[in-house]
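Below are two complexes that have chain A in common, paired first with chain B and then with chain C.
Here is the complex of A and B:
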């Protein structure tokens, strides 16, 4: 039995197709992230799982029940909204217990649940306050408490951290993760923040233009992006895309890289067979900043190329150095002590073992 | 250079004051000045013409001993109470129905709001015709064959005050609807979604979440309706003329009758002071709460 099964779900508004056939399945207890830029349909999909938007086509199954045409109240779900959506005229306690009250939960059981949830989220001192009197982080907790009290089979989170400031967002992120580990209930979580997606998810569905671009574990999506969009979307700073010519070198294929007026040949690690079809043509080299570093002795197999430095941005643990390669700006993560000066050539080490290649026209990965 | 720039600056700061000054003077004289004049007259022995003597509370004593005044006061309670409550209920329900994402909402909203654009004189006259047994509904139904049908509230001393309520509600409930609709539009739709996910039905969501959230809207509507009710004059003059007899007299028509047709200016002034006190009793707490909120 799957916790949630979405089969060929479509959504059309008039003549506009917002979701173009979504298929996905998750196991009970999994934390699914729907991530993508705004307008990709992720929130629409979540609202359809919740039953707040009608399904134009396809099926949604929660557990072993087909819920495609059920009311939200019959789906056994709870939802946390971006704007928290607390009932403004009710106290925190009433907010948490409202759903239980409607379901005619006995009074003592209701009290016990509220007390348990309040304890879990450390909002006991706030129970008699109105939402107006709470800070953003406290409202967020109450919104989560309201969902927790229902004890549903799936929790739905709609960008719950977007309205919080940066520090609080990181704190709440780990709290949500801890909560999931403790409660173990299936969660579907919508976000546009790829860091949230990476840190929270068991599985991630990267969406764009109403389609799932890639569905997999965070590490898999990070290491093996299917196309240039996914590669660029996941990871911060994002992956560098350098257009290069492919040439037949003496010991295999090489990429031609130009920086600071000098041309260099970069050998490609073997194993990417598809690349041989691109000899004499251009490909897009996708390489993450952490694979472009200062020269270090313990990685003898890597290739070093002197690159022209344009921008230096220290972040503390690392310094982000922007070099110009084949006319595009390329971010490299170097050790603070190794940074060069703007306008100078700095030897940079290319770790090609995790580099990926894309077709410049289709933006699809070359394997 | 210096002189011209400083004079230009002072003109700049003076101009708003110059523009506002006439309004200020007019308000001061014709509202607050006349209010004080009226207060003075209410303590004088004025009858046909104003007399500026000091007669103490004689006019008030006469007023409180006057049966017709108590009929007017009672009518105000009946009319005001029903008018306010029915307006609020009708306005709220119209707003809720209009808020269901219906077609042609703009047109319907305008239709319901339109009576507000009429003066009470027009409303009163129209309803006088509609309710007149010889002209309006009664005659229409009788001509349809129901010969024994009777609808004579307008000329029935016990029921006439309710026709005033009817016309008043027709005129003002659209206004309450507009206020409530604005309030409903301000409700975060995610709150409604959250309540639906929590398992609440729409009637329950309205009853428990949306309508309690409209408190400030009701409060504003209440203030506006209350002072309309207390000051109501033109509607009654046009619809019933205070009659039959003085069955639909309200304090405003009472004041007018005594001041200007019965030559009892002192008594009329005392009646209008009582109305002023009633308005003050409502407006002052309102202003106080409003201003205090703004300071916070």
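Here is the complex of A and C:
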């Protein structure tokens, strides 16, 4: 049995197709992330799972029940909203217990649940306050408490952290992760923040324009993006995309790289058979900043190319240096002690083992 | 104090005097006897506190053939205003709730048509409404008049509530739906409790409109069932012998007193409600 199964789900608003056939399945207890740029249809999909939006086409199954046409209250879900949506006229306690009260939960059980949830989220001192007397982070906790009190088969989160400041966001992120590990309930979580997606998710669905671009584990999506959009969206700073000519070299294919006023030939690791069709044509080399580093002794067989440094941005543990390759700005992650100066040539090591290649026209991955 | 301050305050003062002077004259006149009115000027103060004109206006002044004062008509107005205000406010709140949180196909068209309702002058509906009341067997009854006020006020109350509720985030309603609440429960437990400012606006607006209404009252009610505005008109127009200005003034103040009171008691909520913005969760 799957915890959630979405089959060919579509949504149209008037004449606009917002979701174009979504298919996905998750196992019980999994943490699913829906991630994508603004307007790609994440919230719409989540609201359809919740039953707040009608389904134009397709089926949604929760557990072994087809819920496509059920009311939200009959779907056995709980939801945390981006704006928290706490009932302003009720106290924190009433906010948490409202759903239980409607379900006619016995009084002592209700009290016990509220106490348990309040303890778990450390909001016991706030129980008698009204939402407007709470800080942003406290409201966020109460919103989660309201969902936790319900003990549903799926939790739905719609960008629950996006209204918090950066520090609190990181704190709450690990709290949510810990909470999931503790309660073990299936979660569907919407975000447009790829770091949240990477850190929280068991599985990630990367969406764009109402379609799932790629569905897989965070590491898989990071290492094996299916297309240039996914590759660029996941990871920060994002992957560099350098258009290169492909040539037949002496021991296999090489990419022609123009850097620091000179032309270089960068050998391609073997195993990417599709590339042979591109000899004499252009491909887009996708290489992450951490694969462009200062020269180090322990990787003797990687190619080194001198690059002209244009920008230097220290982040603390690493320093981001921007070089120009084939006319494109390329970010490299070097050790702080290794950085040179702006305007100077710096030898950089190209670790091609994790490089990926894309067709410049279709933006699809070349395997 | 800077010059501009002085200017502003004098302007405000002038405006206050301008609006308060008529009330002052009415009050003073109502406290004089006819002899004083004849001999003194409009602005001269009465010689003592003389409430004879007030008791006459309330209890024994003639409004046409009957001479029972305003008191019966005052209660008529109360009997008309209270149900009309309550019902039109409740219906307006429900309309606004449906139009913003449970939208249906054509709900915008429906709202547009309601908006036109706010622009229809009283006179336009007089005859059709008279026919309708006759058809319903409500012609000349208090319930008929109440119904007219409810229907006419509905466009306004709906507009108030709709504009207020549009600023309440839909997520609030969605959260309640997920918690298992339905249409009515969400209305009574979540939406209505945060509607106090706009309820006050609606009540004040409807109260003043209906209490001060003359046209509907004079057309759709008759005899003993007439509201106080119609009675006031009759009282002033019924003159046997000398014109009793003091009684007229006292009656006019009695007729205006409830609306004055409502503004004094709830006026600050009125302003607050009109300017109330989004309800932050």
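The definition used in the following text is that the second predicted complex is superposed on the first by the 367 of 367 C-alpha atoms of A that agree within 3 Å, B and C clash if a C-alpha of one lies under 4 Å from a C-alpha of the other, contacts with A are read in each partner's own complex, and residues count from 1 in each chain.
Here is the rule we go by: a residue touches a chain if its C-beta (ideal position, glycine included) is under 8 Å from a C-beta of that chain, and two chains touch if they have at least 3 such contacts.
Here the structure is a predicted model, which is why all the values come from computation and not from measurement.
Chemist: After the match on chain A, would you call chain B and chain C a fit or a clash?
Modeler: On the superposed model, which is not a single observed complex, chain B and chain C clash.
Chemist: For A:139, select first, second, both or neither according to whether it touches chain B, chain C, the two together, or no partner.
Modeler: In the superposition, A:139 touches chain C alone.
Chemist: Counting only touches as set out at the top, which of chain B and chain C does A:52 meet: first, second, both, neither?
Modeler: Both partners.
Chemist: If you stack the two complexes on chain A, which partner ends up touching A:163: first (chain B), second (chain C), both, or neither?
Modeler: Touch status of A:163: no partner.
Chemist: Does chain B (first) or chain C (second) touch A:102, or do both, or does neither?
Modeler: both
Chemist: Figure out whether A:89 sits in contact with chain B (first) or chain C (second), or with both, or with neither.
Modeler: both
Chemist: After superposition on the shared chain, which partner residues are touched by A:81: those of chain B (first), chain C (second), both, or neither?
Modeler: In the superposition, A:81 touches chain B and chain C alike.
Chemist: On chain A, which stretch or stretches are contacted by chain B in one complex as well as by chain C in the other?
Modeler: The overlap between the chain B and chain C interfaces on chain A comprises residues 47, 50, 52, 71-73, 77-79, 81-83, 85-89, 98-99, 102-103, 146, 150.
Chemist: Would you mind writing out the residues of chain A in touch with chain C in their complex?
Modeler: 47, 50, 52, 71-73, 77-79, 81-89, 98-99, 102-103, 131-132, 139, 146, 150
Chemist: Once bound in the complex, which stretches of chain A touch chain B?
Modeler: Where chain A meets chain B, its residues are 47, 50-52, 71-73, 77-79, 81-83, 85-90, 98-99, 102-103, 146, 150.
Chemist: Sort out for me which residues of chain C touch chain A in the complex.
Modeler: It is residues 169, 171-172, 174-182, 185, 189-190, 193-194, 279-281 of chain C that touch chain A.
Chemist: Across the complex, what residues on chain B touch chain A?
Modeler: 188, 190-191, 193-200, 204, 208-209, 212-213, 215
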